[in-house]
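As written, the chains take the letters A, B, C, D and E, and residue 1 is the first residue of each chain.
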Amino acid sequence: MDVSFILIILLIGAFATYFSGDKLAPKVALLFGLVSLGFSVYLLSLFNAGQNIDFISAWITKPSISFSLKADGLSLAMLLLNTALTPLIIFSAFGNEFRNAKNFYALILFMSFAMAGTFLAADGLLYYIFWELALIPIYFIALIWGNGDAEERKKAVVKFFIYTLAGSLFMLTAFIYLYGKAGSFLIEDLYKLELSSQEQLWIFLAFFLAYAIKIPIIPFHTWQAKVYQKAPTVGTMLLSGIMLKMGLYSVIRWQLPLAPSAAKEYMTIFIALGIAGVIYGSIVALRQKDLKKLLAYSSLAHVGLIAAGTYTLNLDGLRGAVLQMIAHGFVVVGLFFVAEIIYRRYETREISEMGGIRSQSPKFTSMFMILVLASVALPSTFNFIGEFTVLYSLSQIGIIWAILGGTTIILGAYYMLRMFQHVMLGETNAKLFKDVTTNETIVLVSIITFLLFFGIYPKPITDLITPSLENIITIINR
Amino acid sequence: MSTVLIIFCILAAVTLASAFMTIFTKNPIHSAIYLVICFFSIAGHYLLFNAQFLALVHIIVYSGAIMILMLFTLMLMNLNKEDEVHKPRITRLGAVVSFLLIISVLIAIFIQTKPIVGPYDTTGEDYQSIKVLGQVLLDQDNGFMVAFEFASILLLVAMIGAVLLSKKEKSSK
Amino acid sequence: MDSVLNQIGIENYIFLSVALFCIGVFGVLYRRNAIIVFMSIEIMLNAVNLLFVAFSTYHQDAQGQVFVFFSMAVAAAEVAVGLAILVAIFRNLGSIDVANLKNLKG
Amino acid sequence: MDINLALVLLLAPFLGFLANIFLGKSLGKNISGAIGTIAVVVSFAMSLFFFLQINQTGQPISIHLFDWIAISNFNIEFGFLLDQLSLLWLLFVTGIGSLIHLYSISYMHDDEKMHKFFAYLNLFVFFMITLVMGSNLLIMFIGWEGVGLCSYLLIGFWYKNQNYNDAAKKAFIMNRIGDLGFLVGIFIIGFMFNTLDFATLKATILAGNNLDAYWIAAAGLALFIGASGKSAQIPLYTWLPDAMAGPTPVSALIHAATMVTAGIFMITRLNFLFDLAPAIQDIIAVIGAITSLVAATIGLVQNDIKKVLAYSTVSQLGLMFLALGLGAYEIAVFHVITHAFFKACLFLGSGSVIHALHHEQDMRKMGGLRKAMPITFITMLISSLAISGIFPLSGFWSKDEILMTAYHQSPVLWVIGSLASILTAFYMFRLMYLTFFKEFRGSEEQKHHLHESPALLTFPLIVLAILAAIGGLISLPGHSWLNHYLEPLFSKAHEAHHLGTTEYMLMAIATVGALLGIGIAYAKYIKQAQVPEEDEKITGFSKVLYNKYYVDEVYEAIIVKPINLLSRFFRDYIETALASIVFGFGKAANELSFQGKKLQNGSIGFYLFAFVIGFCAIVSYLILAQKKF
Amino acid sequence: MNTLIAITGLGVLCLLFEIFNFRKGIIPFTIVGLLATLALTVNDYGTNASFYNNMIVVNNFSVTFSSLFIVLTIFLVALSHNFYESHPTKISDFIAIKIFMLSGAVAMVSFGNLAMFFLGIEILSIALYILCASDRLNLKSNESGMKYFLMGSFASGFILFGICLVYGAMGSFDVIEISELSRSAELPDWFFIGILLLTIGMLFKIAVVPFHFWAPDVYEGAPALTTATMSTLAKVVAMATLFKLLSVLNADISESFQIVIVVLSIASMTVGNIMALRQVNVKRMLAFSGISHAGFMLMTLLTLTTSASTLLYYAAAYSISGIAAFAVILYVCKNRDNEDITNFHGLGKTNPLLAAVLTGALLSMGGIPIFSGFFAKLFLFNQTIEAGYLVLVIVAVVNSIISIGYYFKLILAMYGKEPNEEKTGTPILYYSVAVVAIVINIVIGLFPSLVLDLM
């Protein structure tokens, strides 16, 4: 048993979904999502038992590219994030009717496949291929099943695609350059490279462009809000919940260890960019009229903080970043699902057209509230653990970073509560709002349970990721 | 200045002048006639090289076949009028500029090339009699037989093409 | 027999060829009548043929002259096809002015 | 055993919360109220148990549950600490909490979402217990933010009114500003001492290693900002008066007795740290004093009965901070306790009045309630006297101690504090006179329904009034039980004031001052029978006071507005500008393409011209580049 | 040699079929014949032989490229069935011309003598002139044929001049002799001029900026199937030939000549991609895309000795995806008078399979992973970076980004717009060609070594 099975399961799942027809597709997709979740948990247990679950096989001889998948704690944590969110996201779509459902669900599984591959790949080129592959399904998901004006949506989606592709092609160039130096794409060979600081800087910047766009870090975020707004909620969830974690994961896995001296030298600049994202995203989020756009900017703020955490290059920063990635993945999926739930009933995402929902739907309100609180990192939610650790690591670099980054807890509370107030509170809305259905409850409750449980007891996750992060820190400091 | 050189100069002058006239004459028929003169002068060059067979073939193919074909077409289309409207000045200017450019560049490179020093070798071997040419052209082990046959495919394609482009379809009408 | 090249020099043939070739180029650029353009192309090819023969003499080698035959075959084939296209255009357009062939652009 | 009981103490309110939130609706109002109340009573019982235990043994109980957050150089554990301070706090939090729960059963009986109310209230108690019991700063922070959350939920309990929601949001966000300070303080402490655990921290500091005064001061300042957010000190106090939007029991419990004292608790907890930062202590004292005076002046002219009490709370909290700043932690704690008694009583009393008048809070529409509501009147009177510092009620002792300490250290602060006390006496009796004396000024309808509140409402009032009266006993000058009890907490031993002439004189001055204040109020509102004017007619300085020095407006103008403007500016301009920069490349390429199409003009001549030019360019470049040709 | 004989024989047979009135059988027979030829060619793999006075040289280069051309021709012939439905009397002519064109193409990659090269390129060109103008009643087709003819002959003149100068310098047309002579110290400068003229003539055929202007007009005007032929077969043939010419003649690629190649490559990529952005006609767009791909392929000339396999892979990836794309375009634009993007509106709904194929083909051309186009670019970039041309690769990367812009315009049209009208009829050959081509594309994408290790 090795990690390649998880990819096979997801890929088979995608095809099975495609061939199962529109009626059956959602269920088949969910089944495969759950199987992959189960299997990844099984892999985790194997890993914890000390078994080797890596998969390595030769692929292309000249230039030498191997099909190498490796799982350490970090990869497994991200894999689990992926496989846990995928069935949730699939299940969350059950309340919607999609044209050509089989294609839709197959694309979701395919995307999950590509993302799992990205998290596991230990060969630079293989990693890049998965990285790009993940882009295609989301493009179609957003394009075909998106909402809003078709022309505008197309524009936004194409911009997104080209923009992210643009970034990653520079990463590809960097990889090829590294290959020229190392003669191999294997991550351990690339880690061994001794690059001059000039080379490192360029490599670092090439990677940075790819990741800054994907994550996104300001000022590379301009694609984000529009795409989040226009994509179907499932797409937004995939994007914000998992896909942008790919960027952050890659920073830790690839960018920092490959160009450590550049990372060290220009650390403050990149931290500053991350922090600027926090403040900027929060401030812009204040005055958003569209619920999904607001959440998009909140996402921008949160990932800015995570990115700042990764660039601190200390264990706390990385650990906090990973924890926060997972937490943010869950909470943002939950929040977008909330937006979807409202949309299902009111057919609008304009905040101004909402309000007065609370009195009609106590269950929904409570769950939404908890998600909002998790999003603002209230202690005892998982998000707090991550945010605290990241801020702590920032304070090690300079207390001013912690203070600036910490404004997120003020501004975050401001825009989230403001949004909550205008969406949920106030006089009872004239339009009827049915309280959450069982399906919706299951999704939200699973997310909330996860967030609260690990908010109190994050040790399993911390223990999983810490050794691999320590390893990476050692490589960075080599 | 030897006779040969004088002949060469005259022939060259005729060649260039008639080529120029081909282009400058407004009446297409006159152009064709100038072109024929040009071809003849080129045949003269060939004779100067003592390549009689080639000169003959040249006259037959160019003056005899190609030019007749063109003239035939001209007549067929009734184009023997000076009806060509002048090109806009910019086009003419472009043509002149590119002519001057290309000729100066080409002349410049060839002037720059290493001058050939010493006399040209003359082995005295026969290399351009019909017999030799026939051997070189048609021998399969030492000659261009395959190329020769391949040229037939070229002509076949041209033939099919010409037919294809001119033939009316029965069924489509 | 003494080679003519000893008296004339291969350079002169090259310059003559180049000049003729360039006149052909000029003709292609200068004229709008398609047939004249064809003729100009023939001039270009003939310039090269002339040079082939000159080189053939220069090297005392028959291959150059043999190649001229191929060149002629090509020229003939080209003219045949070109004229066929020309006739088709003339039928559709009533003119063989290449300046009128500007529908495809942008 | 201890651990289990401590967990019961902690989790009882949480279970109450769960029960109420999930089952409350189906259980019915009374049962839901009962569950909520019993949950807190259980906690109270446990607190009492532990209190008695520690009173005997003097040994703090520390409970380690599991490792929580891993930081590179230390672990933050999930643990609790039951020592003298936390037990004292637990005692009055759960005690007063129980009473207020009881009160709420009746007070909230008409509200359809009573189970929610009890759920939130229980949750609040739970978080408050967490705050108090936490064995390290971060567990305290859980409670710290948790109570903020509950405060948010309860202020906005009547969520249909957006003004209330605004108030709730404001409270939460202002608290969060403080929380950031708290967090920064935690970070500084974390990297200075590699621990957040109170016991270890204290040991490290007392060992005297590694003490960088600059960073200690920074940590102190950051933590004080945290405390000032929670405890409504300048400049973060404006949320507290607005928080009166919540139901009155909430105001009594959260915004008077317990939550707002968290800041004092925290500073007392970390007294060993603050002792090392005298500059910060000075700042605390000055801010406390100024807050107490400013809030008192605003309180002078407020007409909303709860607003008066709210400003009074801010003012009293200011006095407590004054004490903290002076290093007199035990006196601050003493005042916290007495204040909890009488302020809770006052709030519940005002709640009783509001209840009777069907949610009328404007004192201009009250009056003459003395006869209709005798119990409320008497209990409130006692509490008013206590807060005004009339001998021998509890407030007298605690306030007097603060002023005495201030006098010894800085006469200026003493003057400010005394002034605030006089003003307190005035506005409290202004409140009493306007509410309970003279004729009723409300509508006939209200007058008709005037009645004394039911026993469930009055019982807590009576208990609290008694406590307000006798609470001073725990720390009488010279024989202070409290000082003795808290002794182990403090790094420096504070010598009790031995009562000399100065002290007696100070007591006398204070009493006279309080009486003066009461007298003026009497003259104004009983003798002259004045009633505060309508809002529009208020002019001059009192208008400034009435509008709270326009602090809210100033904040609005210099912080909220600019941020919102900035947000709009970012949204409308920067976002589009950034987008156009990035996508400008695409636009430029498209434009180039458009222009390029003109080059592709369909003319064979031009194409060949380009061919020739390209040819010439390449050839001439090669000639020039390599002299080979 | 066998290949060439078989192909010409096949062409003649096609003409005979017409005479014996056996039209229906032409296409199946030709495909079978081509498959047999393919087998024959593949059989030669690994041999190194020269035939008939070294006119034809068989080596791995010629065998692999010939096989690629044969495969492409099979596809093109298969597509002919539906395309020429309305011209039943001419089908044999069309097929024969295509087969002869293939023979020219094969001659171009397996020539051992410049005469074969010249004849090969002329056969290819003349066949294309004819095919371009073959829709004789359509003025656009005429114009395209005429433009191609005039400019092609013009370029032929340059090629001929180049051959002439090489001959003048070396006194031989045999590439082996030439390459031996070129190693000697005394080297007339005519040789370099000749190579340069030859190269420029070939650059015209490949459509490299600034010799590219003909391509969009000709592609647009020509019948769609001819466009397919030009953009797939003709382009890779010309590129492979240029590669072979430069490597076989042992041309000394000097530093400045390399700079010229770099500049031309950059110019081609940039101009091609930028111009393609605003095109509405799909054929025209693919013409510009072809120009940019020509720029990419030019990079292989910088590393002549090592990059034959890269070129083969790139050519295969590019042309196979081109075939897949054109199969769909032919289907969509059948019975329509233009190939505008609007015709593709809603294809994702009306015909998801073909839409997916076209998407795959475009993604492949754009260089998105698992499609072979990505690996082609990867290997190319790898090679070029190793040769030290980092800047060139960065420009290429930027261009890849631009190219996504227009490839996605088409994808957007298929998936983002409502269909105009329902398309009836399911021409099975279009389907099968499209699917087989895209499958081949993905297979060589997943297992690049299959192609890469051939050379």
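Just so we're on the same page, contacts are C-beta pairs under 8 Å (C-beta built on N, C-alpha and C of every residue); 3 or more make two chains touch, one makes a residue touch a chain.
Since the structure is predicted, the reported quantities are computational estimates derived from the model, not experimental observations.
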item: Touching both chain A and chain E (chains); value: D
item: Labels of chains that are neighbours to chain B and to chain D; value: C, E
item: Most widely separated chain from chain D, with each centre as the mean of CA atoms; value: B
item: Chain closest to the middle [Cα centroid of all protein chains]; value: A
item: Contact-richer chain pair [C-D vs A-D]; value: A-D
item: Distance between the centres, which are taken as Cα means, of chain E and chain D, whole angstrom; value: 77
item: Computed distance of Cα centres, chain C from chain B, in Å; value: 5
item: Centre distance in Å when chain C and chain E are each reduced to the mean of their C-alpha atoms; value: 27
item: Inter-chain centre distance, chain A versus chain B - centres from mean C-alpha coordinates, in Å; value: 70
item: Residues of chain E engaged with two or more neighbouring chains; value: 115, 119, 122, 126, 129-130, 133, 136, 147, 150, 154, 189, 193, 216-217, 405
item: Multi-partner residues of chain C (at least 2 other chains); value: 10, 14, 21, 24-25, 28-29, 54, 58, 61, 63, 66, 70, 74, 77-78, 81, 84-86, 88, 98-99, 101, 103-106
item: Per-residue overlap in chain D, given as positions that touch at least 2 other chains; value: 586, 597, 600, 602-606, 608-609, 612-613, 615, 619, 629
item: Every chain pair in contact, whichever chains are involved; value: A-D, A-E, B-C, B-D, B-E, C-D, C-E, D-E
item: Contact footprint of chain E on chain C as seen in their complex; value: 10, 14, 21, 24-25, 28, 34, 37, 41, 44-45, 47-48, 51-52, 54-55, 58-59, 61, 63-64, 66-67, 70-71, 74, 77-78, 81-82, 84-86, 88-89, 92-93, 98, 101, 103-106
item: Footprint of chain A on chain D - complex, ascending; value: 21, 66-72, 78, 116, 138, 141-142, 144-146, 149, 152, 156, 159-160, 162, 165-166, 169, 172-173, 176-177, 179-180, 183-184, 187-188, 190-191, 218, 563-564, 566-568, 570-571, 574-575, 578-579, 581-583, 586
item: Residues of chain B touching chain E in the complex; value: 109-110, 112-114, 139-147, 150-151, 153-154, 156-158, 160-161, 163-167, 169-172
item: Chain E residues touching chain C - in the complex, by the definition given at the top; value: 115, 118-119, 122, 126, 129-130, 133, 136-140, 142-147, 149-150, 153-154, 156-157, 160-161, 163-165, 167-168, 171-173, 216-218, 220-221, 279, 284
item: Residue numbers on chain E that touch chain D, as the complex places them; value: 147, 150-151, 154-155, 158, 189, 192-193, 196, 200, 204, 209-211, 213-214, 216-217, 254-257, 259-260, 264, 271, 274-278, 402, 405
